[in-house]
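One structure is given below, encoded as structure tokens.
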Amino acid sequence: MTVTRRTFTTSLTAVALAAGLYAVPAFAQETIKVGVLHSLSGTMAISETVLKDTVLMAIEEINAKGGVLGKKLEPVVVDPASNWPLFAEKARQLISKDKVAVTFGCWTSVSRKSVLPVYEELNSLLFYPVQYEGEELSKNVFYTGAAPNQQAIPAVEYLMSKDGGSAKRWVLLGTDYVYPRTTNKILRSFLKSKGVADADIMEEYTPFGHADYQGIIAKIKKFAGEGKKTAVVSTINGDSNVPFYKELGNQGLKATDVPVVAFSVGEEELRGVDTKPLVGHLAAWNYFMSIKSPANTAFVKQWSDYAKAKGIAGHKDKPLTNDPMEATYIGIHMWKAAVEKAKSTDTDKVIAAMAGQTYPAPGGFVSTMDAKNHHLHKPVFIGEIKADGQFGVVWKTKGPVRAEPWSPFIPENKGKKDEPEKK
Amino acid sequence: MSTVMMSPQALQQKRGLLLGVRGWTAVLSALAVLTVLIPLLNRVVPADSVFHLSDYAVGLTGKILCYAICALAMDLIWGYTGILSLGHGLFFALGGYGMGMYLMRQIGRDGNYKSDLPDFMVFLNWKDLPWTWALSDSFIAQMALVVLVPGLLALVFGWFAFRSRIKGVYFSIITQALTYAAMLLFFRNETGFGGNNGFTDFKRILGQPIATPTTRITLFIITGATLVGFYLLARWIVNSKYGRVLQAIRDAETRVMFTGYNPLAYKLSIWTLSAVMCGVAGALYVPQVGIINPSEMSPSAGIEIAIWAAVGGRATLIGPIIGAFFVNGAKSWFTVAFPEFWLYFLGALFIAVTLFLPQGIVGLFKRFSRSAADTANDAANRTHA
Amino acid sequence: MRCLFWIFCLLGALCPPLVFALTPEQAGQIAAGDLDDRIKTLNAVVAEADTALEPFVKALLDEAVKTSAGKAYIVADGKTVEAATGKPAVLPADAEDTVTNNRMRRELESAIAVLRLVSPDRAVRAAAITELKDQVDEGKLGLIDKATTAETDPELKARLQLLRAAVLISSDDPAKRLTAAKALSGSSSPATRSLLLEKLGSEPDATVKAAIQAALDSVQGQLVWGERLGLLFTGLSLGSILLLVALGLAITYGLMGVINMAHGELMMIGAYATYVVQNLFKNYLPGAFDGYILVAIPAAFLASALVGAVLERTVIRWLYGRPLETLLATWGISLVLMQAVRSIFGAQNVGVENPAWMSGGVQVLPNLVLPYNRLAILVFAALVLLAMAALIGKTRLGLFVRAVTQNRRMASCVGVNTSRIDMLAFALGAGIAGLAGCALSQVGNVGPDLGQGYIVDSFMVVVLGGVGQLAGTVYAALGLGLMNKLLEGWAGAVLAKIMVLVFIVVFIQKRPQGIFAVKGRSAEA
């Protein structure tokens, strides 16, 4: 093929385009960059998109009050599209290319586990706001969501109690991945320690996106009809919850007969469900939108105004707040306070300054970051679904509970220290 | 059947040298860029220079090189033999899992639970390694599995499918079902491959720590060399008599049967080869990306491989490589610049390429060059007139 | 004077007598405080069996009761009354909601049932007995005896005696336990089975134990039927959904040879059309909300058919005869459609409620509840199938479609406008996909990813059933649904699905044309 001017210019443009993909934009840094690593498309978008908006709302609030260390915060939003390898790639991009000082992100444990090596290698900071299975304690991560002893165990204790229905048989139903598997392992060990026999525990797993729960509900009914009061502990994740609850309601499995407590169902997940047949089923969180406190009223109002102003789909007509949103909000404010205390955004200095940070949480109590184990002290609320889709609190801990990321109910955890191992 | 007709020049057999002078220059310069220039720009050039290539860029390019190998494999079976497989992601992932198993064992006792078993087996309460992990300690054995497992699966599946003369769309749908079933199987934690978490948090490969720039650039060089090597292999296959029969099968399979050839052997062999190529690509992909998970086997991953080949230009060998770079480069850029528009772009690309660019990007270049050559010829003719 | 007296009586008759046998202290004690004390007070009050108590208990269940300083108030329709006396009152500023959890709710529901046992209305009494079947304890025995003696209807009397037996099985007297065990063998309710299992373990007397075991076997025998029928129903339900989902694809692929990877997204459009109609009804016609589904069905059909027609005209018509390219192009269309829906409606799932007549289920056997929404979908699938068959077999459009499929050139020669028929046939297939989406919105999630979950399944059904035959699609759909559910009970949901996929792959190797093959010889076969 002869090299004409046209071919030359086309090839040159192609090369230039390719080179442009790698271009490093270099302009003066008058802002502090904050990374937002939440899926905006794919299966997890349903839960994660609202967290991105929460970070943007908090950044707007902080900038309006003058920013941090006199500089404005600049959000850098990327979309890892519910694709775990893409999470790792985007994390690396945020840290090495965009030079963010901190990242707020991840939801599923898989996404967190895939970015963890990146944050540890490049010594950057990640704030992880979702309840999870524990069994992890990294120097570079601050966990603002609940560990199992701040959610799962108190819920099971409540169901065992007289007020909760004195359950003697247990169905552990979950989606098939690390969080439900580990949580159920911890719960099984806990139940055994309380004298529950193996025959009284039924463990079932369904894949992500499973939508046909007829068979499972029939199995639960049969298991519950064998003499003892039965309760279901559900770690079903994501949008499988909607067909599960629909089937539960339609087959007439009432909460007064077989109560179902869920750990991944909040106000947002109930948005797509008719809650009238589900009245009485439970959830355990460290925050509910229905909690009555001046801080919560202010938080809900701030979110409603923000959602209306930005036209956020779904929330502009019916604003809902939930536990991961509250955890994100607490996390970013604590980070700001730590940066101001350390007078720098350097990772190690901020990690040191985060110890013992406090913040008045919307849930109505003072949230504290533990001095050693990178987790928040959080109170536990058990709520029952009401006909309007909100949760009515039926039980709560007297005060915040300290997290135990290495659960004492897993024998392999013996001897593990309650602080990150310096790598 | 696709009817991508090639211009007569391309069918000329280049005996002896395989490629012409220009061809060899292009290949060798590509090899030089991949194995010498890029490593220099990354490791030797200082970080604040505008010519420096960041670790992130190297990682991204390495990943795309692996994808390019898959696209090349797809071209061999689709562009040259007319078999559209939508399940090639399965072979890619199987190779990746093979490498991943070795890397998981290399974590040794540095995992969260300080046990000889990988972390995910600990939280499943398993006490011993399942039989599928029997060879996972040895690098050589696992590398053999990287080649053997996708190869054997492709051989068995292909034998049954091609013998029953399943063709065209039916075949594509069946490959989709196969990869979907495998994905569901691997998503189960009980299967023993990490379930939804997959394999991650690798520490070492062959004794070297895996997260250092040196290891990364070495892997990059190996991947680049493999791509060039596979390209030369593919070029040799396509230019041989064997390659001609493949193209005949693509264009008119029944006629090939009537002329006395048995398409089964040809289809089966190229199918198995392409599966092995994808497996090797997967094995090179995993240490560079740091994670493997069953979503690499999803039907949509397989369909994307087909689109790289289609966008670049089928039956050209260089086209799919260009296609892989173009589509994945665009993906990286879009998901940062305009994350909401990425899927519009990808969808529109699918539609535009099938409707307007059946020859892909390479075809577009060829059209330019032909019209440029024609104008030159016309001008020459006119002066002589 | 007399007039005044009559006026008083009239007033007295007009004002609804809100007289409770309930003191204000008791009302306050039930509404707030320690849960055990509240339940004790409640049961004590209920033992007096005054039916006028019901409004207060109902108010507690509806969360319409507030307490302040030990007194309880019912707040309904903006009016506040004192709970005990029924007198209008002013709600104090510090009044708090009562906390009602599952345990309290259980006690309240059984309290209402007990109160209703002596209602004059037979239907109410029957419902109350059903309600109580698994919530009896010794404390209610007196009331049950009272109700049994007062009961005139023989069927209800028998059921009350079963109820009595369920209580007496825990009695201290072994003779009473023996009679109770024998009486319970006539029951077929899972609650009885549960009770018998519980008692079997703790029974000291040997004869009574034997009687309990015999009763248990009899009850189990009856329950097994329920389980088998339940399994059959779940298989049919899944099969009907697969049929709806695959029918549209059977038309576009089977009759037209177009591989439509955007089929799932056409279903999603139908589901979103249902969502939009639901919202319109909620906002503008709340009274007729239960009928929204009847408007949603044609709306979903038209929406998807329209999109399908547009797709056919713009993209697909250029790709006839090139199935592999159609596959890729339609995959691209599916990405565009998904993202478009995400941009318009948001990435989250949207809520589609079942209309009231589709919520809940019908209790066919004591341990078998058939949900209304699944029954409705079964019926709907059958209707759609019949309509389709009629359309293809008996109408002019169907005739033209069949003609174009068999021999396009000849049909064109005879005067059939082939390109218009192509568009209409594709639109028809798309419209049916929309109907499937409408049905799916009633059982599962509605989100941009709705179609992705069903695309592989629908292709499997079409490929298995054989191209060009509607009957094959029906058999394949029902067969796969039943097979999936049978295997699920045995191996779990995931393995069942994998086995079904592997079965299809193997079956196609053996018989590439599917179950029902189009007859004819071809060099490709």
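Letters A, B and C mark the chains as written, and numbering starts fresh at 1 in each.
In this text, a contact is a pair of C-beta atoms (placed from the backbone, for glycine too) under 8 Å apart; a residue touches a chain by one contact, two chains touch by 3 or more.
Just so it is clear, the structure is predicted and the values come from calculations on it, not from any experiment.
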Query = Which chain has its Cα centroid closest to the overall Cα centroid?
reply = A
Task = Could you pull out the chain whose C-alpha mean position is farthest off from that of chain B?
result = C
Message = Quick check: how many Å separate the C-alpha centres of chain A and chain C?
response = 30
Task = Mind checking the centre-to-centre distance between chain B and chain C? Centres are C-alpha means, answer in whole Å.
result = 46
Remark   = The distance between the C-alpha centres of chain A and chain B, rounded to whole Å, is 35
Ask   = If you look at chain A, which of its residues touch at least two other chains?
value = 40-41, 176, 205, 207
Inquiry  = Quick check: what residues of chain B touch more than one other chain, meaning two or more?
reply    = 184, 187-188, 340, 343
Task = Would you pick out the residues of chain C that each touch at least 2 other chains?
result = 339, 342, 494
Message = Which residues of chain B touch chain A once you look at their complex with the stated criterion?
response = 50, 53-57, 59-60, 63, 112-113, 115, 120, 122-125, 184, 187-189, 195-198, 200-202, 211, 289-293, 295-296, 325, 329, 332-333, 335-336, 339-340, 342-343, 365-366, 368-369, 372-373, 376
Task = Spell out the residues on chain C that touch chain B in their complex, using ranges where they run on.
result = 259, 315, 318-319, 322-329, 331-336, 338-340, 342-343, 456, 459-460, 463, 494-495, 497-498, 501-502, 504-505, 508-510, 512, 523-525
Complex contacts: residues of chain A adjacent to chain C = 40-43, 45-46, 49-50, 162-165, 176, 204-207, 209-212, 214-216, 218, 221-222, 224-228, 239, 242-243, 246-247, 249-252, 255-257, 259, 268, 271-274, 276-277, 280, 282, 312-314, 384, 386, 392-395
Message = Under the definition above, what is the set of chain B residues touching chain C in their complex?
response = 2, 84, 86, 160-161, 163-170, 172-174, 176-178, 180-181, 184-185, 187-188, 254, 299, 303, 306-307, 310, 340-341, 343-344, 346-351, 353-355, 358
Query = Given the complex with chain B, which residues does chain A contribute to the contact?
reply = 1-2, 4, 6-7, 10, 18, 21-22, 24, 40-41, 77-81, 83-86, 88-90, 92-93, 96-97, 108-110, 113-114, 116-118, 121, 135-136, 176-178, 181-182, 185, 205, 207-208, 410, 412
